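Before I ask anything, let me first share the structure, which is written out below as structure tokens.
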Amino acid sequence: MALDIDIRNLKRVSVVSIKGRVDSSNAPELESAFHSLMDNGRYRLVADLGGLEYISSAGLRVLVSTLKACRRYNRGDLRLSNVPPRIAEVLNLAGMTPLFKIFDDTVGAVGSF
Amino acid sequence: MALDIDIRNLKRVSVVSIKGRVDSSNAPELESAFHSLMDNGRYRLVADLGGLEYISSAGLRVLVSTLKACRRYNRGDLRLSNVPPRIAEVLNLAGMTPLFKIFDDTVGAVGSF
Amino acid sequence: MPDECRLTVPGRLDQLIIISEFIAQAARQAGLDERTVFHVQMAVDEACTNVIQHAYQGIEDGEITLACRRTDDTFVITIQDHGRPFDPTTVPPPDLGADLDVRRLGGLGLYFMHRLMDEVHFEFNAETGNTVTMIKRIAPQSQDDR
Amino acid sequence: MPDECRLTVPGRLDQLIIISEFIAQAARQAGLDERTVFHVQMAVDEACTNVIQHAYQGIEDGEITLACRRTDDTFVITIQDHGRPFDPTTVPPPDLGADLDVRRLGGLGLYFMHRLMDEVHFEFNAETGNTVTMIKRIAPQSQDDR
């Protein structure tokens, strides 16, 4: 149930697969994964949440701050795919569903850019 | 991680698949599963341990008492299949490996009767 | 208190996973369904994160004690610490409808606790420390579940 | 004791899974590898089963308290109860080489505790109750793991 982050750089888009558990102890790890991508000029991101078992408000905060950073100057976006029902419920509760473009699968999310 | 017991009655042999966790709180459950088979005259048993994550001495005790009951009057046997490495280590530690006929897979165990 | 489970851990973020697994297992054992287990787990995680980050402010030698028990129609959790008290009534609610560019990051912890649990009470006491009590109402247990 | 985790549960068999998940998570968090976690989990399960079945003899209102902490090269677990004391030196070891028909069932709990842990000590005290201390030696922690 630890956090496992896998990054796959495609031609125009990067896919960040987030598995396991994000809480306030490891949210900084997730944040630096996103930062390392953006520092390399990659702002078209897909977060594949298929393996995400748990996310607390500290993790949601990272998603929103990354979303903001990607959209700045219209240079990109953070889109979500494969959101498990329980995580979708949390996004909803946090009023975050309207902020994100959410896709059923990662192929669709990558192809949307 | 609860205990899940699945029984499959073949023509001559019954396969008992034991999944999850056997400790002293639920070992009686496992015992009555074996008893229900023997009460119906089924003494040729295969315990498929493929999904067994944990077994304490209370569970081992059930395996040995069932083995004894099956072999009595030469009427049958309890054979093991799919033993995960961690469970094999425990059987070894308990000096139980020489008592059982152990098979790599359930097909082999069923076919051995 | 006959049927209570208690956990005490150092007030550090790396203990959150121990807390989380403890409360999930205790809630499951008390008969709560998996969705409710998840909600309880999340509320407890937010409460303990606040204790570690705000009450203890990163000072690592404080302890957190959780206790939980099942009554007929509730699951009751208390979380105790000896850090600094605060006044929850002064914390503004998050503005969940705000546009992305003006939305305040954070400030969701207390909100989640209130949304995911049926009751949340804070108590501050110079001697016994701070206690948050969270209650989840559940369907009364049938005889079979016992 | 700065870096200790403690768990208290009612002395009932249905609490064993809470105990087991707690000790596994605490051992993992302390940096033990998965095989060692399994061994610790098993030793603790056997010790607590004995407390419930023999020390408390099925009386359900006793409590069990586990504490564990990591030192540089050990993982130390104590288990406390207030049930009846016993003399572990009078318990005969199991005869693991015996043929099936003469083999005694049971009697493996204490044996597993000793085999799976590096040290096992019993202490009986009229006031503080009974305490079993189990120690697992582990490779000293590298800086990176901290």
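Order as written gives the chain letters A, B, C and D; numbering starts at 1 within each chain.
In the analysis below, contacts are C-beta pairs under 8 Å (C-beta built on N, C-alpha and C of every residue); 3 or more make two chains touch, one makes a residue touch a chain.
Model, not experiment: these values are computed from the prediction.
Participant: For subunit A and subunit C, which third chains touch each of them?
Facilitator: Both-contact set = empty.
Participant: Give me the chains shared as neighbours by subunit B and subunit D.
Facilitator: Common contact partners of subunit B and subunit D, which must touch each of the two, are absent.
Participant: Measure off the straight-line distance from the CA centroid of subunit B to the CA centroid of subunit C, and report it in whole Å.
Facilitator: For subunit B versus subunit C, the centre distance works out to 42 Å.
Participant: Would you mind pulling out the distance in Å between where the CA atoms of subunit C average out and where those of subunit D do?
Facilitator: Distance between chain centres, rounded to whole Å: 29 Å.
Participant: If you average the CA atoms of subunit A and of subunit B, how many Å lie between those two points?
Facilitator: Each chain's C-alpha centroid was found; their separation is 45 Å.
Participant: Which residues belonging to subunit C are in contact with no fewer than two other chains?
Facilitator: In subunit C, 14, 17, 21 touch at least two other chains.
Participant: If I count partner chains per residue in subunit B, which residues reach a count of at least 2?
Facilitator: none
Participant: Which two-chain combinations qualify as touching?
Facilitator: A-C, B-D, C-D
Participant: Taking the complex as given, what residues does subunit A use to touch subunit C?
Facilitator: Against subunit C, the touching part of subunit A is residues 1-2, 21, 23-25, 54, 56-58, 60-61, 64-65, 67-68, 71, 86, 90, 93-95, 99.
Participant: In the complex formed with subunit B, which residues of subunit D make contact?
Facilitator: That would be residues 13-14, 16-17, 20-21, 35, 38, 41-42, 45-46, 49, 52-53, 94, 96-97, 100-101, 103, 105-106, 108-109, 112, 115-116 of subunit D.
Participant: Show which residues of subunit D lie in contact with subunit C when the two form their complex.
Facilitator: Touch list, subunit D to subunit C: 2-10, 14-15, 17-18, 21-22, 25-26, 29, 61.
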